[in-house]
Amino acid sequence: MSVPGSGILKGLVETARNFAGSYVSPERLVTVQYPEESLPPPENARNFPFLVYDEDPDKGLRCVACKICEKECPPQCIYIVAERDEKGKVLKRPRIFDIDISVCMNCQICAEVCPFDAIKMDTEFELSRYERFGALLLHKQDLAKSNEYYRRIHPTEAAEVDARLAEDRARQQAKAAAAKAAAASPAGAPAPAADKTP
Amino acid sequence: MSAAPPSAPLPAGAAIDRDLLEISLGPHHPSTHGVFRMDVVLDGERVVRLKPVFGYLHRNHEKLAEGMTYLSSMPFTDRLDYFCSMTNNWAYALAVEKLAGLQVPDRAQYIRVIVGELTRLLNHACLIGFLTHDMGAMGTPLMYAFREREKILDLFESLSGSRMMCNYMRFGGCRVDLSPAWLQAARKVVDDFPRFLDEFDALLTTNEIVMTRSQGVGILPRELAINASVTGPMLRASGVDYDLRKVDRYGIYDRFDFRVPLGEHGDVYDRIMIRFLEMRESLTILRQALREIPPGPILDPKSKLRGFRPRAGEVYGRIEAPKGELGFYLVSDGSPNPYRYRVRPPSLINLTILEDMCLGQLVADAVIILGSVDIVLGEVDR
Amino acid sequence: MTAASIDQVFVNAKQALLSLLPETLRPGLSMAINAAAILGTFALLFAVATLLERKGLGRIQNRYGPNRVGPFGVLQPVADGLKMLIKEDILPRQADRVVHFLAPIALVLSVLLAYAVLPFGRNMAPIDLDAGVLYFFAASAATELGVFMAGWASRSKYSLLGAMRGIAQMISYELPLVLSTLGVIMVTGSLSLVEIAERQAPPAGAILGRWFVFTPWGLAGFLLFMTAAVAEANRAPFDLPEGESEIIAGHMVEYSGFKYALFFMGEYLGMFAASGLAITLFLGGYHAPFAFLGWAPSWFWFFAKLLALLAVFIWLRGTLPRLRQDQLMNFAWKWLLPMSLVNLVAAGVWSYSAAWTLPGAGFVRWASCAGLLILPALWLSRGWRARVGPRVYRYA
Amino acid sequence: MRTVIEMVWIVPVLPLLAAGVSALLPRQRRRTAAALAIGAMAAGFLLSCVAFAATLQPAAPGAPFRLVRNFEWLQFGSASLALGWVLDPLSAGMLVMVTLVGALIFIYSLGYMAHDPNFTRFFCFLAFFASAMLGLVIANSLLLLFICWELVGLASYLLIGFWFHKPSAAAAARKAFIVTRIGDLGLLLGMVWLYRETGSLLFYDQGQGCLEQAALSKLVVSTTLGGLALSSAIGLLLFCGAAGKSGQLPLHVWLPDAMEGPTPVSALIHAATMVAAGVFLVARVYPLMQAVPSGAAQVSTALQVVTWIGACTAIFAALIAVAQNDIKRILAYSTVSQLGYMMMGLGVGGVAVGMFHLMTHAFFKALLFLGAGSVIHGCHEQQDIRHMGGLRRLMPVTFAAYAVGMMALAGVPLLFSGFWSKDAILHAAHLWPLSKGPFVLGAAGALLTAFYMTRQMCLVFFGPNRAAHASAAGGHVSAQPHESPAVMTVPLLILAVFAVGLGFLGSPAWPWFQGWLEGSTTHFQAGHLSEALPTMLLSALIVAAGMAAGWWLYGRAPRQSPREADALQRLQPGLYSILAGRFFVDEFYAATVVRLNAGAALLSDFLDRWVWGGLVRLTAWLTGQFSEIARMADEFLVNGGFDLGCGRLRRGGRFFSGLQDGQIQHYLSVIGLALAALVLWLVWGGAL
Amino acid sequence: MNPVFFILAVVTLAGALGAVALRNMVHCALCLAVTFIGIAALFLHQGAQFAGLVQVLVYVGAVAVLIVFAILLTRSGDARKGVAVFSRSWKTGLLTAAATLATLVAAIVNSPGLLREAPRAPELSVRQIGLDLMSQWLLPLEILGLLLTATMIGAVILAMPEKPSGEPAPGPEKGARP
Amino acid sequence: MTPLPYWLILSSILFAIGLAGCLVRRNAIMVLIGIELMLNAANLNFIAFWRYGSGAEAAHGIMFVLFAIAIAAAETAVGLALVIALYRLRRTVQVDEADALKADDKPR
């Protein structure tokens, strides 16, 4: 064993090096002065879900109120009520779409299971509010964000989604066209039923 | 100072005429690593009885899981040992894959190894930081560990979207593929890590005070460790060669060349040093994995997100998590929800021998012994 | 302005102030001025030290430290002080009100009293007592009572444990603290701090001062003294009385607000006082390290050295874990105390051998003194070395 | 040169430093410890030689060289205690002897103790011992001498008990310590008395010392109990200490037991140096011992006692040695015997005669002990000479050295130092005016010495090797005896050279030694030789007779097996058993207390049972009769009054026992009140 | 009468009264410390600087703390209700004390030779005290050293807890776990 | 300067208070406290007499006080050790219960 005290001296040298290093090496002094500057979130970052809409914040929502996300949501923070028409028939859009993001645990499962790419994860994290109740219970209108926003925060992923949707739409249209062609030839068929893609 | 009332039953071995002092360390105490409580009876400063009290963080995890789909439980596993969400995911995914007979593609296996070993690095580094903080090191080692941990967490965030609650693995693979840029960043982190380890080494391993504090303290004998089914670095520090990566060879661990360090005395110092050495071994695994990772798919095509119903049966899947053997026991009746869901948390089981290690030691020792067990209350209480 | 006038600027100012006053009031007022100066200076130094400590620790830990209040956070102590002042003063229901109230006062007072004999500069000792060193230790002896009062009056198990630890530690380390100064006292033949400081002045024509730390026994005595002083001040790695990982804050756990601030201040003031004594005894007092630096005023050197020692305190705190209670006691009684006795012998040998005139006597003197110190040090630590040491690990 | 002489105190300090440093060494640093001790001794030897050379030049004709340096140690009030050291031929000779023999023995220990786990501690103790002994030698103050004396005793205790895990060694150490302490009590008393009478414990202090004329003349004239001169009384008390340390007759019991220590210790302490301390002490205070009132020509009482005790010890121990079987014990008794010779020499012939034998004896006895150690080492820790034999061929070097030592001890004429020194003693004893008793005893002792040494030689080195019998008889299996390593044999050879050569320094023809001690120059004078010739011839004859007897008994028909009876035993069984039982001194000491106790108990029992018992029974009967009468009177006359008195008394008793209630505060109150009353009375009672 | 003397005397006596009369023993000990400090101040007032400082160092720094420790170790710190603080014979005690006081005061008052001023300002350096200790008072000093050594050993032995027979702190058998 | 009798009376009062403490309190530690007070009173007298005495021999009063302080410290250490030993044995430090030397009625 070496001289007693050498271990302590080694430690002292190490801390002294870090002390000096913190003045010269940004690798050591990694702290960011947060409110003034903040690190940009990585592209994959996720925080809370939002609803994607195309063009119109209300009408353009991609959500069809299928409630898969409500069922799969582990902490069960999603609450969906589908829109009904006057006759009580279920329409394929939500009347109420609430997420209690004080309960939400950012797991992304809603976004993953959604067959319609209607719900995606936001990167916004500065969510402090002054009110204790209700401020973090987000309603449909709070949750609705445009597809442009989605493209901005997750460019790669959004591009994939857009491509997939476009492909879907193209396939649908092709199918519809084919059906229309088929229907047009035998008889007049009810037309707009196939218009189910948002 | 109040003595234990004379009518109270005295612990075995306490001299009758001693004045015993009963203090409650926790649940709000700086060194109990969460809301954990130790009812300690002291003779002077010597521990004569120690009762661990936990359950303050109980979240009904196992019962909840029986009421939700297999996938929905995945993010909850993140919250078991919230330092090591990746390995938690992995253990759960492994169990479900066994149940459903899914095959994980090669690339996903590599990714799992990479994130798993990164998790081990960050867990061990922080644990040593916490432990020395318990010894009173004013958090300097802890801050260094956190500095390095940030780098790994950055990697996790850019991979999975979240720093700690990754929810990254899926049955039959992983959720997102990693990019070449990510691989580059990971290599840099791995290459930089030894420098940090050397720094740690200089700061701690031959430090006389650390050695004096931790050598010969909290000895866990080999037999007791085995009998109490202690696992992980704790067990290996007591000299038992038992590492699931070698024993089960789950995943693709048989493709990597690494060694398992073993302790000899089973004291706190050994536990620190075993974790040190394991970090170095993890780095060799990481280098190999980052070098050899193949291209390909990352998810078994048979896997499906919605309407996942494994066949009926029961299964136990386990991995070598940083804290020890983490196992999931699942019973399926063929429905979308597990019939029974049970976690074998290493923290809890390693904690059961706390009293045995602490008896006859001083309070200050009890604190670092608890630290050296490496618990996370999320996992202990579930 | 000449160097001498800068050096004596405070002394002259005080004289000028006093000369304005009637003769009868002068002695009392002189005292009052001294007291006020000490209070002001060291309260300010306390503020600076807290800031420096937090910044220094931060930098050691690769953080910024406080940097929000004022430019570079320099106003942080003000904010802290304000916060402490306006915080609620919590008194546990069971506590002994009077003693609980008096404890921090007793502590701070007894520490402050010790400052009366420290020479802060040339002609700047508040009182040049004939038994200055003795006075210093006598004054700071009462701190133990302060700690005890705090721990007992709070009626909390944690604070009582902390107080018992604190008293035991302070009593144990007081012995080596006192004994390690004896070498200096023996060699100078005086208990007066002013005289001790003057003895370390650079001799005429020499460059290097005759600091006692440049002798083997002086170096050893300085190290022993500083070790014991760190323990007396309850600083890391001997901060067991407030070891926050076990007993949270020890005797101070039930204190809040301004009383807590007083404890905090007491700790820092104790640290300054011990450093001041170390400077006076071993580090040449207020003398410049080199004769050619003598143009800077003496008080500047004193405070420069004080800040340097403070940096060492901070550095140690940023690096080392703390010892355990029994290890701490063993260290004091089985290593530090014998070593300070051995050091006394070494000092004796040194001063006895001053008369040697043979060629090479200087070297022999050094070597014998150093050997006298190193061998027992190794021998005393052999039990520890047998038990504790780096280990080699095997792989499966 | 001058510096060295001035700083002769360095000689004891060197080994002290070595001891101190090696006490700090971890136990693995064997070489360092040994090197320190041996180096210190070697350096001490060189310095001693320089000092020795300085003493060769007398200060003035008839006054030996003497250098005294005193200093004050403690001062309280007006009184002070001074210490100091002195360099004169006496101390210089001892210095050289102790350092030389010591260094050789240290070197020898390297080999002998090579396998001991506590090697470092051993050398630490050895060096410590040497330091104390050297300090004793140069002390110029009875106090300093006493301090060193006790330190020597302590070192001896530590070394005898070095193998303290052996119960016998621990017991021997304790015994040595306690027995010598008995003597030391006398020494202490003498010292205190001397201080009271002379006011100084310094030997030489420019005329003020206690050994100088002023003090002596005062001491000589005043007498104490029984007309004994003070100087003699004090001298006798001091001699008690010397007797204890040097194993003189009543206090000799510890010395043979001390052989439990390692052999180098036996050689160093119990042959060469420490036991000589007693002799040295007597030599040192010789002026005091021999002081008689001026004009009176008789021999002082103290010297007479010294002579007789020495002579008795010499013959007594020699007798015991004849029948011992342990190789070291024989030598130990021989040592006791030779110490007796030295004492006798001091008594009859003065410092020079005694000291000369001391010097020569130191060398040849160290040689013998080391040789014995070599034999023991070679025979695998076998110490019983009955189990040896025939080692002459197996250990030739040891044999040769041992033979030299043996002949020196036996006093083989002309060539060996023992002859000259012993002869000087016998010669002086012959000339002693008071009695021829010591001479006769001494001569008989010489005969016995030659006899037992011859016996030992025969049994150890001649005849067949009997070690095989031991192993066959179930003893531990031992390999063939072997010669010891050079590190052990070389010191033997060096010592042998001295054992031979030293004798010529003090032959009657050229009594250089004596002259040196007394400060006169000497020249070769063959005439003196012829004067001493008769005694020389006589002693040569005695030696020859002794050796012949030994050879006749043991050498002629060597014994074949260890269990065979001793030759002497066959010849004189009764005598042999007494001798083998060492005159039962130990048993006597052990038994006296116990027996006395038991006898007293028996006596008491008898008295109790028959004498007192009978008396008691008689009294009881008488009382019974008487009481019968008394009762009558009592019942009717006394009872009334007595009952009343009793009641009073009981009440009073209850009151007073209430005061004695165990409450310390009550006691304290009473004390306080009493004190107050006392003060009041003193102040006012006295004033009024 | 000097006001400084008066103030110090009052403080000292108040402390002493508190030290014997208060119910809570910790308070008593703290009052005792006040008394000690007062007496030290009186020493300083008398010009006995060295003695005063030693008084503080030894009494306040060591004796008071020792007493406090003993109070805690014997759990006498809290005056429990129903346990008498004063002894049954407290009246006798007070009487004795009063008698002693009366005697002493009477003696002092009746000594006419005492009423005089201090003859001189003492000039006594620490060096002088040290030299005296090492020359004139050497023997008492040595004896005192011996006494202190004996005391230390004795106190340690007295206060050392008896070793409980068998294992000091027996835990459950290591490794033997069901 | 204060006349000597004031000092003596002060010390007498201190002594009396100490004595009263010794006699009146039940707790053994309090008895020790009383003894300390008495010792201090005596010390005060030494100093006073030294100061007011003829004083040619310089330091005698101081020396007495120094020795008294040292001995008092030793006495306290042993006394408190005894008290603690007593407490271990009897679980009490009330002096009026520590009367076992009387050895009659209360065996323990």
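In this document, chain identifiers A, B, C, D, E and F correspond to the written order of the chains, with residue numbering beginning at 1 in each.
In this section, a residue touches a chain if its C-beta (ideal position, glycine included) is under 8 Å from a C-beta of that chain, and two chains touch if they have at least 3 such contacts.
Computed from a predicted model, the values in this text were never measured in an experiment.
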- Compare the CA centroid of chain A with every other chain's and tell me the farthest one. D
- Task: From the Cα centroids, identify the chain that ends up most central relative to all protein Cα atoms.
- Result: C
- Item | By number of C-beta contact pairs, the top two chains | E-F
- Message: Averaging over Cα atoms per chain, report the distance between chain B and chain C in Å.
- Response: 43
- Would you mind pulling out the distance in Å between where the CA atoms of chain A average out and where those of chain D do? 103
- Query: Cα centroid separation between chain A and chain B, in whole Å?
  - Reply: 31
- Separation of mean Cα positions, chain C and chain A [Å, integer]: 59
- Query: Which residues of chain D are in contact with two or more other chains?
  - Reply: 663, 665, 668-669, 672
- Query: Which chain A residues sit where two or more other chains touch them?
  - Reply: 4, 8, 11, 14-15, 18, 28, 30
- Residues of chain F touching at least two other chains: 19, 22-24, 88, 95-96
- Query: Touching chain D in the complex: which residues of chain F?
  - Reply: 19, 22-24, 31, 95-96, 98-102
- Message: If we count contacts the way the header does, which residues on chain D are in touch with chain E in the complex?
- Response: 74-77, 663, 665-666, 668-669, 672-673, 675-676, 679-680, 683
- Item | Complex interface listing, chain D residues touching chain F | 660-665, 668-669, 672
- Query: Which positions of chain C touch chain D when the two form their complex?
  - Reply: 375-376, 378-379, 382
- Sites on chain F touched by chain E in the complex: 1-6, 8-10, 12-27, 29-30, 32-34, 36-37, 40, 43-44, 47-48, 50-52, 54-55, 58-59, 61-63, 65-67, 69-78, 80-85, 87-88, 93, 95-96
